[in-house]
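For reference, the structure is listed below as structure tokens.
For reference, chains read A, B, C and D in written order, and residue numbers begin at 1 within each chain.
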Amino acid sequence: MNEFEPKVVAFVCNWCTYAGADLTGTSRIKYAPNVKIIRFPCTGRIDFMLILKAFAKGADGIIISGCHPNDCHYTSGNFHAKRRWMVFRTMLDFLGVDVNRITFSWVSAAEGARWAEIVNTTVDGIKKLGPYDNYRKMVNEETEVNNG
Amino acid sequence: MSDNHNHIVDNSLAGKVKEHTGVLAARCYQCGKCSAGCPVSEDMDYPPSLIMRMLQTGDPKDEELVLRSKSIWFCLTCEMCIARCPMEVDIPPMMDFLRGESIKQNKANLASKNIISFHKAFLDSIRQTGRLYELGLTLDFKVRSMKLMQDMSIVPTMLAKNKLNFLPELIKNRRNIKQIFQKTIDKKEETK
Amino acid sequence: MKLGFYPGCSLEGMSREYSDSVVALAKRFDIELVQIPDWNCCGATAAHNLNKELSLSLPARNLALAEKEGFTDVVVPCAACYSRFSTTHHELMHNHDLRHRINEVMEMEYKGTINTLNVIQFIDKYIIDKIEEKIVNKFNYKAACYYGCLLVRPNNILGFDRTEDPQTMDVVMRKIGADSIDWAFKTECCGAGLSVSATNTVARLSGKIVDDAEHRGAEVIIVACPMCHSNLDMRRSEINKYLGKKVTTPVIYITQALGLAVGISEKELGFNRHFVPVNFPKKAEIEKKAEVKTQIEEVNNG
Amino acid sequence: MARIGVFVCHCGENISATVDCGKVAQVTSDIPGVVVSVDYKYMCSDPGQTMIKEYIEKKKLTGVVVAACSPRMHEPTFRRACGEAGLNPFLCEMANVREHCSWVHDKNDVTTDKAIDIVRTLVEKVKRNEPLMPIKVPVTKTALVIGGGVAGIQSALDIANCGHKVIMVEKDPSIGGHMSQLSETFPTLDCSQCILTPRMVEVAQHPNITLYTYAEVESLDGFIGNFKVKIRKKAKSLDEKLCTGCGLCCTKCPVKNIPSEFDQGLSNRRAIYVPFPQAVPNKPVIDKEHCTYYIKGKCKVCEIVCPTKAIRFDQEDEIIEVEVGALVLATGFDIKRADFFPEYGFGKYKDVIDGLQFERIASASGPTLGEIRRPSDGQIPKKIVFLACAGSRDPAKGIEYCSKICCMYTAKHAILYKHKVHDGTAYIFYMDIRAAGKNYDEFTRRAIEEDGAKYIRGRVSRIYERDGKLIVVGVDTLMNAKTVEIEADMVVLATAGIASPGAEELAQKLHVSYDQHKFFAEAHPKLKPVETNTAGIFLAGACQNVKDIPESVAQASGAAVKVCGLFSNDELTRDPSVAVVNRTAPPLFSTCVGCFLCQSVCPYQAIEKEEIKSRDGKILKTIAFVNPSVCQGCGTCVALCRSKSIDILGYTHKQVYAEVEALLNTL
């Protein structure tokens, strides 16, 4: 029971993935409890600084999920998210943030099973990677420096 | 995905089939397309779909009947069933497994002893020579199955048309072959 | 050009005419078929009926030997052997633990570089394009191409032609002038391994096949598997007993048909070894037929 | 100082079975700012809501968190309750501890702890919520119905009869859909055309309905109550006003050999054609792909013979723009051709046909004028075999789901056959008889008992032809799986029903979700069967999943009511969570630097330039302004804004950052 239980934050869009996760519930498909969801109107709204915030505040992994390409409730929000993610990903990588801790995926309102699958695979993946202490350490040191 | 989670060991015959061949008997919904297409279903005491059903019931009596059935020995592994099964239930490997199990438990069907003794004779021929020695095989088979007169009509013609070798072909590295036998089938038979 | 060659036991014994015709045909196209040194029996149906590991080890040994010889393409004319080889290769490639186990059993290593070709694939790959210019006399008969089970099933492993109503053989036969008929028992099983042990069953299954071919006016049945051949040919007396009539439609190997077309002698092709006599009309007639046919074609085209 | 109330719902057993609701209430009561935290069996029940209202008043709550089901389920309920108690509805949030927690995890502390974290997260959010006022938008009281099958027709008529305008778009030259192809209908055997054609005519003549046939939806913009739709009217090469529908052109056209879509290829049509005699509108179109004039540039026979000179070869596709308040999708289904079953010889043997082809053969208006004659030689089949599940429930070659209608129409086919060929025998290979429906099972019993249809429980392995007979090799699983061989004259395959070919593309144009089989997805499997996830777009008929006529019609009327309900208001209140550009004191006025990057990404062109002028009208600064009645609140601009000057109400930076911290329990 003292196995490492990662904290994973999921940023999802209201129309596809949030509804998809609801369907997972309605169909009683079990998945790892490590993931907690924060609801956004659209992946287009997701400000990627949140990722760093989450890591700094103790998240070990992050899921970002919205509508499939072409299915966005707002026509193009998910495309903008995708495009920004492309850029941001390389930047994080460059900054030494472990991008393998971030899952970026599409889950539609009809894909309850898929949501469970994504959660489980992500959690398993993070369990292998272990807790993300070194990032938190780094950040805290910085803050100390700034304060000192 | 879901069945990964339960680790309960299933000791039913269906359970063993699942474990050794990955075939899930419960998947069969008894449409009978396999039995309809099976070329030997009329020689079988239980056509393929019935075998599936008997595995589904999980009743030891049914499992007994399966292992003692003619069906598993008549199966030609012609693969017609899987080629047409709407649920992709892979019957041929399952039949292979059931035959093995049937022999292990000494339940091989008597009426099918010809088939079995033929297979055994066949393997022995390989065990000795590394290859199939057809004349030897036929003779050996006759002895085992006590069907001395069968096929006597064609043997002469076969010789005349020189379709049978009088002498067996021997391969050089017969040691190797023997090993293979010892490490596989012989071992299995000890463990039973 | 040299290619690996695995005759298998029946081609050494009962069906050596098949082996002869394959080799002779290959020679015509300057291909030397080199036997895998010290090859052993693949175990056929018997092995996998009784023991799985054995049924994989026996073919695996041959694959390993072939690999050692540095072959890539290995021609395996016997459909049963072909099926065992392909299945073994597939299983070992998709299951590493199993591969290690088998390697350990046969004390050899199979890496998985061998590409097994059945006779039709061989023809398709090395012969078909060059055949036209070599045709001496057109093989213009009504032919029923019989595939049996082991060439087309299981499709997910063999991936050769489609399981229902396959066509590759028919295409080849048309190339040499045959009129390949559409019939219903192309892929029905002949009884295969039960030939000796359950003769009645074989008589029935093969009977249906022979009957349908004859019924649709086939002058010859074309096969690519020694087991199919022995059941349809050697067992003809039982078959006729079952059908209650005398069916004389001969059964020949596809390589024999091609052999005839490119002018290899009937003797060389070993027709004399068949139980059901193979007596085609004399060459002259064939040629006449051919001329007429070509004339007609010209008329049609012009 | 915030005064938050937390209300934990047991949802009967649904939540309390795996989550310790008492503990959740007790722990969350310690969160700073929470002044009351209680649990109750059914929060959504009347007493539950009353309790919330009472606490709001008693404890002077400034925010409410209801820990219960998904906000997609009951958010409106609880926000209304809060409103009634005088608390701004947008100060109420829902913590989804059912769909996202109790239903998906096992009963243990971890699950309860997760529930607590979820509640904490929303408490922190709600602390930072602002009271919002719903935005009012006008409603365009015109409905667009896509698809002119029986479902579309029903919806259109119902809406029109309620006094609202309806625009119907049908991609084929005539409305009527699959139902117009059917012979008789189960379970009553009344003639399909006889009951459908009057309604088709009604649609054409209804003063409130505008009908566009041979037309398709090009694009959709806007939102509920205010959609803008572009419709492509494909060129019929015909002036419909002049054409009298005399049909002379169709008899004179020299191109005679085009397989008729309506007759499922069992008869031929011309290049200029009316799909079937009762077509609505009963006016021809020219099929450009086959018309000699369009291919070779000469012919024009139709133009010459036309008495009213109505042919227009130069006619172009026309784009029509319309404004509508709601859409009804009724695009129907299609059947999976059976040629993926080589063992059944469909396409190889002429006399192996599919169910829809049999409908045409049995139909009085069909190619054989209702006589059962087989396609190959026109003989009357004395032995006919029906194969149920020819594609359905077949993951290997077909589709895994049950097409639902086949059992019934196969029974109907057997009956029709027996009524027309008295000395014939009908065999039916089936796996299960799925006849759940009013008078359905009775109907199949009738086929078996009165009309002597021979039902054989088992599948068919293969079909081959021999001496003009079709040898059907099947099995009887009720007779120890005995093989059955039938020498049939004709075989009918009950092929699977699938989503219509254009469904996926259309769904993407309209931004409605669809399932893995490309059927349109309903908003909730039970409680919102006619709604889609996109407000203002509704579903009718077989575009959602294969349905029979009664079901399609019922759902169509359901969709119609939804539309009329929507149209019963003059304006809609819209979710006020829209983007706003911040304003600060002069001289800055706003942190917006006027880069207008936001403008380039806004999918709704909601962002305008706003000039800040001094008293004497001098422009001091130009900043972005979001038009609240156009903005849909996707927030793409928010994430993009570099100076963080745009925020989206209900999802502000303050709120989401607080949520993240609360979620990780680090506040």
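Criterion: a contact is a pair of C-beta atoms (placed from the backbone, for glycine too) under 8 Å apart; a residue touches a chain by one contact, two chains touch by 3 or more.
Everything numeric here is computed off the predicted structure, so don't read it as measured data.
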{"item": "Other chains in touch with both chain A and chain B", "value": "D"}
{"item": "Chain pair showing more contacts of the two, A-D and C-D", "value": "A-D"}
{"item": "Chain nearest the overall C-alpha centroid of the shown protein atoms", "value": "D"}
{"item": "Rounded Å distance between chain A and chain D, as computed from the means of their C-alpha atoms", "value": "30"}
{"item": "Rounded Å distance, chain B centre to chain D centre (Cα mean)", "value": "52"}
{"item": "Between chain C and chain A, distance of the C-alpha-averaged centres to the nearest whole Å", "value": "57"}
{"item": "Residues of chain A touching at least two other chains", "value": "30"}
{"item": "Set of chain B residues in contact with two or more other chains", "value": "80"}
{"item": "Residue list for chain D, restricted to those that touch at least two other chains", "value": "343, 462"}
{"item": "Contacting residues of chain D [partner chain B, same complex]", "value": "343, 389, 393-398, 431, 457-462, 473-477, 480-484"}
{"item": "Complex interface listing, chain B residues touching chain D", "value": "29-37, 41-42, 46-50, 80, 84-88"}
{"item": "Chain C residues within the chain B interface of the complex", "value": "9-10, 12-16, 38-41, 43-55, 57-58, 61, 104-107, 149-150, 153-155, 163-164, 187-189, 191-194, 196-199, 201, 205, 234, 237, 272-275"}
{"item": "Chain D residues within the chain A interface of the complex", "value": "70-73, 96, 98-101, 103-106, 110-111, 114, 117-118, 121, 507-508, 511, 513-516, 521, 525, 533-534, 577, 601, 603-604, 632-636, 638-640, 648, 651, 653, 656-657, 659-661, 663-666"}
{"item": "Complex interface listing, chain D residues touching chain C", "value": "342-343, 348, 462, 464-466, 471"}
